Each structure stands twice: as C-alpha cells, then as structure tokens.
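Mind having a look at this structure? Questions to follow.
Order of writing sets the chain letters: A, B, C and D. Residues in each chain are counted from 1.
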Amino acid sequence: MTSATRLKDHAVSFSSSRTPNQRPEFAILSDEEIGESYRLMRLIRRFEERAEESYTRGLIHGTMHLSIGQEAVAVGIVGALKPHDTITSTHRGHGHSIAKGADPARMFAEFFGKSTGYCGGRGGSMHIADVEAGNLGANGIVGGGLPIAVGAGLSAKMRKSHQVCVCFFGDGASNEGAFHEALNMASIWKLPVVFVCENNKYGMSMDISRASAVPDIAKRAVAYAMPGITVDGNDLALTRATAVEAIERARRGEGPTLIECKTYRIRGHSKSDRNLYRTKEEIESWRAQCPIERFKAEALDLGRIDAKAFDDIDAGVEAEIESAIAFAIESPMPDPTRLTDDVYAESLPHHA
Amino acid sequence: MTSATRLKDHAVSFSSSRTPNQRPEFAILSDEEIGESYRLMRLIRRFEERAEESYTRGLIHGTMHLSIGQEAVAVGIVGALKPHDTITSTHRGHGHSIAKGADPARMFAEFFGKSTGYCGGRGGSMHIADVEAGNLGANGIVGGGLPIAVGAGLSAKMRKSHQVCVCFFGDGASNEGAFHEALNMASIWKLPVVFVCENNKYGMSMDISRASAVPDIAKRAVAYAMPGITVDGNDLALTRATAVEAIERARRGEGPTLIECKTYRIRGHSKSDRNLYRTKEEIESWRAQCPIERFKAEALDLGRIDAKAFDDIDAGVEAEIESAIAFAIESPMPDPTRLTDDVYAESLPHHA
Amino acid sequence: MFTLKVFPIMRELTYAEAIREALSQAMEADPTVFTLGEDIGVYGGAFGVTGDLVHRFGTERVIDTPISELGMAGAAVGAALTGMKPVLELQFSDFVTLATEQIVNQAAKIRFMFGGKASVPLVIRMPGGSGTGAAAQHSQSLEAWFGHIPGLKVVQPSTPHDAKGLLLAAIDDPNPVLIFEHKLLYRMKGPVPEEAYREPIGKAAIRREGRDVTIVATSMMAIRSLAAAERLAAEGIDAEVIDLRTIRPMDTEAVLKSVRKTSRLMVVYEGVKTLGVGAEVSAAVAESDAFDFLDAPIVRLGGKDVPLPYNPILEKAAVPQEDEIVNAARRLVREGRV
Amino acid sequence: MFTLKVFPIMRELTYAEAIREALSQAMEADPTVFTLGEDIGVYGGAFGVTGDLVHRFGTERVIDTPISELGMAGAAVGAALTGMKPVLELQFSDFVTLATEQIVNQAAKIRFMFGGKASVPLVIRMPGGSGTGAAAQHSQSLEAWFGHIPGLKVVQPSTPHDAKGLLLAAIDDPNPVLIFEHKLLYRMKGPVPEEAYREPIGKAAIRREGRDVTIVATSMMAIRSLAAAERLAAEGIDAEVIDLRTIRPMDTEAVLKSVRKTSRLMVVYEGVKTLGVGAEVSAAVAESDAFDFLDAPIVRLGGKDVPLPYNPILEKAAVPQEDEIVNAARRLVREGRV
C-alpha cells in the first residue's frame, strides 16, 4: 500500500452497492453509512457555525479553532473505527470529537464554561476529551497528541485489546520533533496507530511550502518505513476507504500508516486571524470544494439516497443543535469554591 | 547527488594523481593531504588510547566516550572544510576536535580538569569547544548540536560569510526530535550545513535495527528534500570526496546534505560499558576494518607515500602526545575561589 | 495609574508597540540583530507585537519559523554563538517547555562549560499569564523555572516603558535573556520615550513609596498591586510597591531596604505559589538581616495550586485579583497576619 | 548512619537494588505495570538499576526506547491514560528538559483539563545530582521545577528503604509521580524489608531528633546533614534532621512542628539555591505561625549559582559538603546567623 490507487484492489466486499458506476470507495459505504456520514459532517458544520455565532454573541470566553471545510477528514476517518478504538485530537478538534460520538450539548456547555461541559468548564474548546469513549483529548500543544497516540497504541498492544488509535495532527505539526519521535516509535514497535495529517495548507499563517521541506507530508513516511498515502481530504468516501485499509492493517498487527488528507480550513486560524497570508480567491476556490456538498451530490447522483432523506437529516441536525445550545445556556456555572478539585486523583489504598 | 556512486563524475581535478588505477576519491587527495589525513587519524587514535590509559591511571574524573575505529569520519569530513568553517560535535567528539585543529595538550589538560584545558577544567571531555577556531562544541545532549548547527548556518548565510557548518551526530541521535526540526529548517532555508551521521550501529546498547525504523539514516533525507548519501565511513578517501561535494554544494547556496558514514566504535559506549549487547566476533570483524590501516595500505599500495614517511608521522604523533600529556599533568588546577567566574559574560556599556 | 513623573511631555504607546519599537530600533542600529518565531512575519505575531516589521526589514531579518520550538531555540543559540543577536519570539510561554533543553542545557551553560570563551547573546520573548480564557496549556507563568537556572537572565516588564527599555537592554546583553511578557498588558498604554533607551536588567522599580507594608510584585501583579495600593491609601494604609522587573538576577537589595523601613512584606505574583517567585523573595528576606525588622510573617499571594482553568470565573479565582491584594495587605497591616 | 530501628533483622540492599526490587514486585503483582527507557534492557540501565529485569519480564515489559525523550514521555502518558501503569526511566534527569512538554502540559494537567474524568498513573524515575564528574549537562538537580507544577507529585528518596517504598507508592498512585534519584546513592546500602511495602508520598521523615536547630534536607543532602548532625552532637549541638522526601506535596507540617521546637531553621539542598527547594521551605515557614518561634534568620545552603563544573574540586565547591553544613549549623546555633 503506497498510494491511494492501491485502494482499487481493496478487498472489502461491496455489500450495499446497488448502483452501477460507483467508485469502489463509494461503493463500500452502506446506505446507512452514507446517511450517518452526511449527518455527522452536517452536525459538525452546523455545530461550528453556531459556535462561531455564540462567540460573536459573547457567550464564549477564549478563542476557538474551526474546522469548517475539513469535515470529511474527521468523519471519513473516525467512521472507520470501532467504538472501543481511540483517537487523539488537536486544537482544531470539534469534528474529531463529534465524529467519535461526542454530544454537542456537552460540547457547547464546555465552550460556555458550564459545569455540564465535557471538562466541567475547566478545559474549553481546546481540551474536549472523553477518555471513556475513546477520545483521548483535543490538545492545545501542536503535536502534543502524537506521542500520546503512540502510548495508546503501545497500551492496546500490551493489553491485547485489538484497539486502534487514530492520531490527528496538522501539516504544521509535522515539523515538530514530536512527529518524528512518534512515527519512529510506532513503526519500530509495529503499533496499531494510524497517523492522519490534516494538511490544510497552513500552520496558522505559514504556508506549507514555506514551513516544510516537502509539500506532501505523506512522503515523510519513508523515513519510518511505513506506508504513506496522500488523499483528497474533501472526499469522504476516499478518506473512509483509506482509513479502513490502514486501520485493518494496524489491527492485524502490521503497524502504523501515515495518511495525509489534503484539505482546507475555510475560516481563519482562530478568531483573531485577519487572513493576511492568503487570498480571497484561494478561499473561494476551496469553498467550492465543500466536502459535504460534494458527498451529498455524489450520493444523489448515484441515487443512493434521495433528497428528502437529506432534508430530514438536515432538519434533525438543526433540532439537535438547537436543543444542545439551549441545554448549554441553561446549565450552571461551575462552583469557584471547588476550583482545586480534580487537580489530583485521590489515591486509593494500595493492593498490598 | 543521491548516492555515493555519483561521486564518480565528480568535478574536482585530479591534481596530484601520479599513480594509475586510483579510485577517483583517492586520486583527489594530494600527497600532502594523504600525509596530513593519516597523521590526524593517528593522532586521534593515539590521543584516545592514551586518554583511556590516563583514565585507568585515575587521572580522569568522570567518564569519556572514545571514537576509536571512527577516525576516518572526523578526518575525512573536517579535512574538506576551510579553517573559518564551523563544526558542531557530540559526546564522542575527540576526533572532530582534533581534526578541526585542537591542540591535544589543551585537550588532555581539560580531561585532567586543569586550568589550561580548553574549558579551564569546567567542561571535561564532553564539552571541548573552541568557538574562535570554529569548533562550536562537543555536546553532552544527544542531538543537542543539530539545531545549533542550523543557527550557525543561518548566521553564515545572514552574514554572507561563506562559512559552512558541519554537524556531526550519531545514529541514535537521528531518533531525537531535534534531528527532524533541524533538517527541515536547514532545508527550507537552504542553509550551508552538512549533516554527518556517524552510524556506528549502536546508540549506547540500542542496535540501530531496534531503534530506528530505517536501517540507513540517509534515507531520511527524503523527508527534507535534501540529498542523502550513505558511505563507508571507514574509507577516508570516500568520506573526504563526499564531504567535498556536499560542502561545495552548501557553499554555493544550494542547501544542506545528509551524509551517513557507516562505521563502528571499537570500544564500549563509555567507560562503564560491559558490551552485553554485541558479540566479540562483531567487534573483531570491525577491528579488521581499521580506517587508519586501510588508508595507509591503500596509499602504500599505490605508492603515493612510502613506509618511511608513515613511520616518521607515527614518531611525530608519539612525541606530540607525550609532550601533550606532560603539559597537562604539569598544568595547575583551577582556583576554586573563582568557581562562579564565567557564568555570565560581563555586560558592556551599550552603543546608544 | 501610572503618572508622568520623569518625562514631562510624553508620547503614549501600548506595551506591544513599545516592544515593536525596541525591536525596530535595535535592528536599525545593528545589522546582526534579527528576530524569528512563529507567524511573526505577514501575520504580525499572534499578539500583534511584530506587526509590520517584516515589511520594513524583510523576511530575512523577520523570519517566520516552522512550528519547531526546540529547533528554533537551538538555531537562535547557534546564531548567537557565531556573531548574530537573535530575538526569538515563542508564541506562548507555555511552549518553552519544548525548548528547555536548548535554553537550559545549551544557552545557559555554554559560556561556563566552554571556560568563558564564548557567549550566547540571545533574547527570547514570550507571552505568559492568564486572563484570556486560553486555559491550562496557554496561560502559565513559568518564569520561576528560569530564575532557577544560572547563566540565564529573566525579566518581566510590566509597563510599556519597561517593555521597551528592558528589551533594548536584553539585546545589548551578552548573555541569554528571557523576557516574559504578559498577554493582558499588550494593549495597555503608557508613556514611552522615542529614543532608544535602556532599562537596567537586575534593578527593581519602586512604583510607589510607602511606610506600612512592602508589596513586591511582578508583571501584571505589579499593576494590580499599584491599583490596590491606591485603594489602601484611601483607608490610611501606606503601601510601598516594588515592581521586581527582573527575576534573575534579583534585586534583593531593593526589597531588603524597603522591608527594613516597612517591617511587613507581601509578595504578589501570578505563577503558582509553591516554588514560585515569591518563595525566593520571601527566603531572601528571611535569610537576611532584614529578618530582624520583620514584624509579621511574610505573606505570599501567588497563583493557586491548580492548572489554569478555562471558565472565566474559575480563571479569575486562580490568580490574585485586586480585591484579594487589598484584603491581604489590610489584614497584614492591621492584624499582623493574613 | 542509619540504625535498624523498626526492623530488628534486616537484609541490606543497595539503593539501586531496592529500586529494582520494587519494580520487580510491582510488575509481578500487576500486569499493567511495565517499564521503558533508554538502555534499560540488556544493558541493565546506565546506572545498573534495571539490571536483569529484562530477562525476567521480557522485552515487552522492559522496553528499550530509541533516544526520544519527548516521545517516550508522551508514550508513557498515552499508555497511562489507557489502562497501563508505565514506569519511565530517563537516563539522566537533565534530559527531562526534552520531555517537559509532555510532563508539564499533558501529564500534570490532563486530569484537571478533562474535568476530573481521566487520570495519568505515570511514574518517571531519573537520576539527578552531581559528584561523578559528569559536568553541567549531566549533574543538575531540577526537582524544584516540577515542585512548581500542580498535578505532579515529586519525590526524592535518600535511602534504599525509601527508594523502594516510595517507588511502590508512586506506582500505586493514580497521579503522575516524578522520582529524582541520586547518582551517588545508587551503591549505598541500607536495610530493606522483603515485602512490597509503601512509604507514603507527602510525608517527611525525621531522621534525627534534636532541640537546637532544624535541618531540613533532601536526597544526598539528607545523608550529609545526618552525618553533620552527628559531628555537631559531639560539639554539644543537638540538630533535628528532617528528610523532606517529597517535594510536592510538601510536608510543611513536619517542618513547622520542628521549627516551633528548635526555633532555628536551616535548609540543605543540592539544587541551585535561588528558587530551589529551600526557597519554598523557608517561605512556607516565614508565612506560618511558626514564624513567631524563629530566633534567627532562616539559612539556606543550596547549590551555588553556577552550572555544575567538571573538575572535581570545583564540583565539590558547587554543592553543600558536610563541613559546610557543620559550620553553618554551628554558627546559626552559636551566633544566631551564618
């Protein structure tokens, strides 16, 4: 497996392929998966749009990093995982969390600093986590999740749990030393980790062509003797199919894979970005590549799902977001007298 | 330039090639260079053997890391530099220092903790440096010199000084994040740095096959879009010719090169190594590849230099080492009341 | 809150502008000065400090780096060793955790390890502090760490005036100097002379003279302590406020002198209380002859023993606020303890 | 120097052996415990601590890592988050500078940032301290840094007994625990019970009771202080020696109690004096009601303000030695100051 083209002889059976002329990547998606993938992408999009609006309305303290335009990566990749599998996420992690099953209500609550939020208001947007559910956390440190994913992989291997860990990181993160150390360790120990680089062309204002010696991060896989694949990250079917193969490989004990998803963030880096480093034209050209619209159009074209079904999903998403925000707004603030709770876990009596 | 074979069409004129059937790498060496290269390798070898002996005699506090068996890397590479060029070295750096012109007397003095040593007794074996002479220092931190070399390259480029910096590091160091960050930065900024990996097969007890996902460190150059070359590091002529080309490239402003020199350390990692991780046979097989003997034999074979000349060099080296040790032994200890000198440089009045 | 004492007619700049002006003047005066860091070029810096510098000095002297904190710190060390004067910006001071090897093992020790035969004239600027809802990994105050390391100098300017003067002094300094700026101060305005002046590294500033209690504070806490002192004055408590400005080398003499006068000491700092800057100030006084002048225990108001929380109420509760300073000082003066 | 009080018949082990025994007992008792680090397998560890463990537990549970300190710390964090109990060995504590990001931004904060819904039961063992001629980059004592970080626990065992008991307690602890071992102690012998006992983290040990002066010391300095106390006793000075053992959370109560009795305090530690452990001990006393019991300034004997030098004479001069402790304590008791 060295390029996306290898996916053509992918072994997954085309169970739900009722329609001819489908790309094999699309064909492996069941109708249910198509609906669910669309729903999740839509949920992420609307979640972030409403988070942005909430920010403007002053409901959110601190900054946030929106992944609008990148939804097919999160949903494509995470959709290939089993529930007990794990992920490590980034500062731009709303999509990863929602794809991994996070409840938008508790996410909004966290953004609003409420005690019902994922982190009880202690973490905010950059630290959404749900370790029980396999989300080992967003991360405020660029590259911070890379070695942690190695640890999750090592742990899965030692516990023989057959879990796979997907590690998300950005193109900018690939220049951190942590990237190098993590990929090397995962490779020598053949750990069940899939490294997913969301190459959205920029690390904040740094164009990848200025920041990285190679334009394709997947090329760096050579240095770790692992497969490296570059795919169109705005093509959900492709990210899913690529992830399925890499995850299976990892689960078989054959080691890690580096998947690079070329995508684009439509919004600024954070709320204070004035977009001085890129052109309107560039942004517009990518907006036209909206992963959600592309996916929907292909499914409609192929007659896999009809327009009404999509409309129903949209309506469901709106309702969910609406009630999520309401929940978050109504939730109580944390009690400042409990500030120092949760710094330490209580020591249990030892098993002598 | 992607492999050592490319060196065959190397452009350097064979000025001193009086003898037919020479390898081009050997032919580019003048007689003087042959003599001087031999002398330096010999000097390093005898320096370290005598340092070892001094250690056994209790003259040396602390540990030391011997490069016996690796002399052709230091001398081959550094011999291709101009005097104003710079190097960064490692914990196993005696050879680099001597090749860069360090005085063995001041090195022994440093080992013995004397005030006449390179660091006034403050640094010891692991911190020999002579910044004025272009030796930016040995380093006790594995990988520590890699980003420093990037800075030296950046500085040379900004000052338009046409200096090149050679950065030595080990196979073990290539798994540090610093390696990754340094090579990427040197490449994107096209800095005049030549990265020289002394792959002696082990990082302490870790065989490279267990520590690194790839057996040839030079392969990692792909990740930084720079040439990567693996050479026999026990072949002085080859290391020299490879360095000449890489250094010229750097000096022309075309950016960094990664040269991997396969070699072997005959001694243990440090004085406390019990060699539990390798076999006697392996050590013996490498001892037979002694870079000094190989070089001498080839020169003799080709009739480039006669046996008498080598003997004279050997005698000169013995005499130099003898007087160096005597100097070091006779030198005074540093004054403990001046302990805190040199923590800070004195601030000069500002140029307002 | 900061009156125009020394300079009768003075232009005002923000703290961020003052830093930019210092950088610009240093780069104009000395071709070996340059600056590097993440997004400091066309983006102008995450907090807008470098602003338009790249347009004035070009991308060769205002260098955007990849996200490689260890590498860029090392590159700055190497450049400093070989004739340049780099000014490195770390985007948040929390990321210094990735660069400590180069700062602590290399920059700080090279001169000593090399027997005094080299120097590392390096400046690292980095924003610390809480108050922006950036949560635990973007709000720390780690200056105490570096105050513990011989070979480094560590400063914390609290005014635009000092931000400029200390940066210019740091660039002149032949030693590695770390500057902890404060996020909440970047937009604060104050008088700043136009010429390229220096403020001495290692000198505290007495921001307010007083007789009842000595308040030693750093960075944002110096601002809050000064405001608290004005409120205390209204209650008849006359507090002396010392802005430490430099953590290493610390101006212990200024503190001792004040304590000999007031007999009461309170240290206010944002970093975690335990093993923070206040521990050193307190210990330096407790081991000195000023100890005999102390009429009451030495009070430390530091950051709570907790990572910085995201929620703004919790965040405020985690570091000293003006009210707390007023209350603590009042109790210290009135009741002899807090 | 360490008398057999509690256990009448006791086997002696070296400090290194005691650590190995703790590791081995923990790994036997709990399949989720494993250890990783550089050269800890067939090499047996740079200081021989892991020894033959790899032969007993295999390369899957005694894992040699590449030279990637940040990566291995992160791997330990990730493993700890997902059900394992890693014990990481850093070859020298100086290399922790490469791993501080994972330790300080991740391990220490994850529980809090995640709202108490995760924990990181991670142990990091690392040798610190000077005395072996390893020079500035291999001799530091950086425990004060980590004592400043909420979310971490930091211990410094000074005896084989504590090395074992504290390591077992650390492995049980659901929080990240950093253990600073001391190079010079590895070969020191002392009584060590065979069973898998725990020493409580956060409890100081009174090594010697006394009435004239309280000496609070850590690690190697606890050993030196105890020896000094014996010499002082011969001069009629009765010193109480408290081995702090845990830096965070600090057992301030034990120190206060002693100071209330002796009225004089001296803190002896090897880390750099400024902003070192002694600053916190001193400040904790100076802010407490024990302040009123103090008859003299609080003395700190810490490492000199200098990187550790190579030359053995200089190296000795850089950190407190027995003579210095004796002299300082004598002056403190006799003259009321040092």
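Assume a residue touches a chain if its C-beta (ideal position, glycine included) is under 8 Å from a C-beta of that chain, and two chains touch if they have at least 3 such contacts.
The structure displayed is predicted, hence computed values, not measured ones.
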Pair of chains joined by more contacts [C-beta pairs], A-C or A-D: A-D
Longest centre-to-centre distance from chain D, chain (CA-based): A
Centroid spacing, where centroids are CA-atom means, of chain A and chain B in whole angstrom: 45
Intercentroid distance (Cα basis), chain C paired with chain B, Å: 41
Centre-of-Cα separation between chain C and chain A, whole angstrom: 38
Interface hub residues of chain B, defined as touching at least two other chains: 119, 121-123, 127, 139-141, 144, 175-178, 181, 184, 188, 210-212, 343
Residues of chain D whose C-beta touches two or more other chains: 66, 68, 70-71, 94-95, 98, 101, 105, 112-113, 135-137, 150-151, 304-307, 309
Partner chain A, residues of chain C touching it in the complex: 38-39, 41-44, 46, 64, 66-71, 94-95, 98, 132-138, 304-307, 309-315, 317-318
Chain B residues within the chain C interface of the complex: 86, 88, 117-123, 127, 129-132, 136-137, 139-141, 144, 146-156, 158-159, 163, 165, 177-178, 181-182, 184-185, 188, 341-348, 350-352
Contacting residues of chain A [partner chain B, same complex]: 175-181, 183-184, 187-188, 210-214, 219-220, 222-226
Touch list for chain B against partner chain D, complex: 61-63, 110, 113-114, 119, 121-124, 126-127, 139-144, 172-173, 175-177, 203-206, 210-212, 272-273, 276-277, 333-334, 336, 339-340, 343
Contact footprint of chain C on chain D as seen in their complex: 70, 94-95, 97-98, 100-101, 104-105, 108-109, 112-113, 135-137, 142, 144-145, 147-151, 248, 250, 271-272, 274-280, 282-283, 285-289, 291-292, 294, 296-300, 304-307, 309, 337
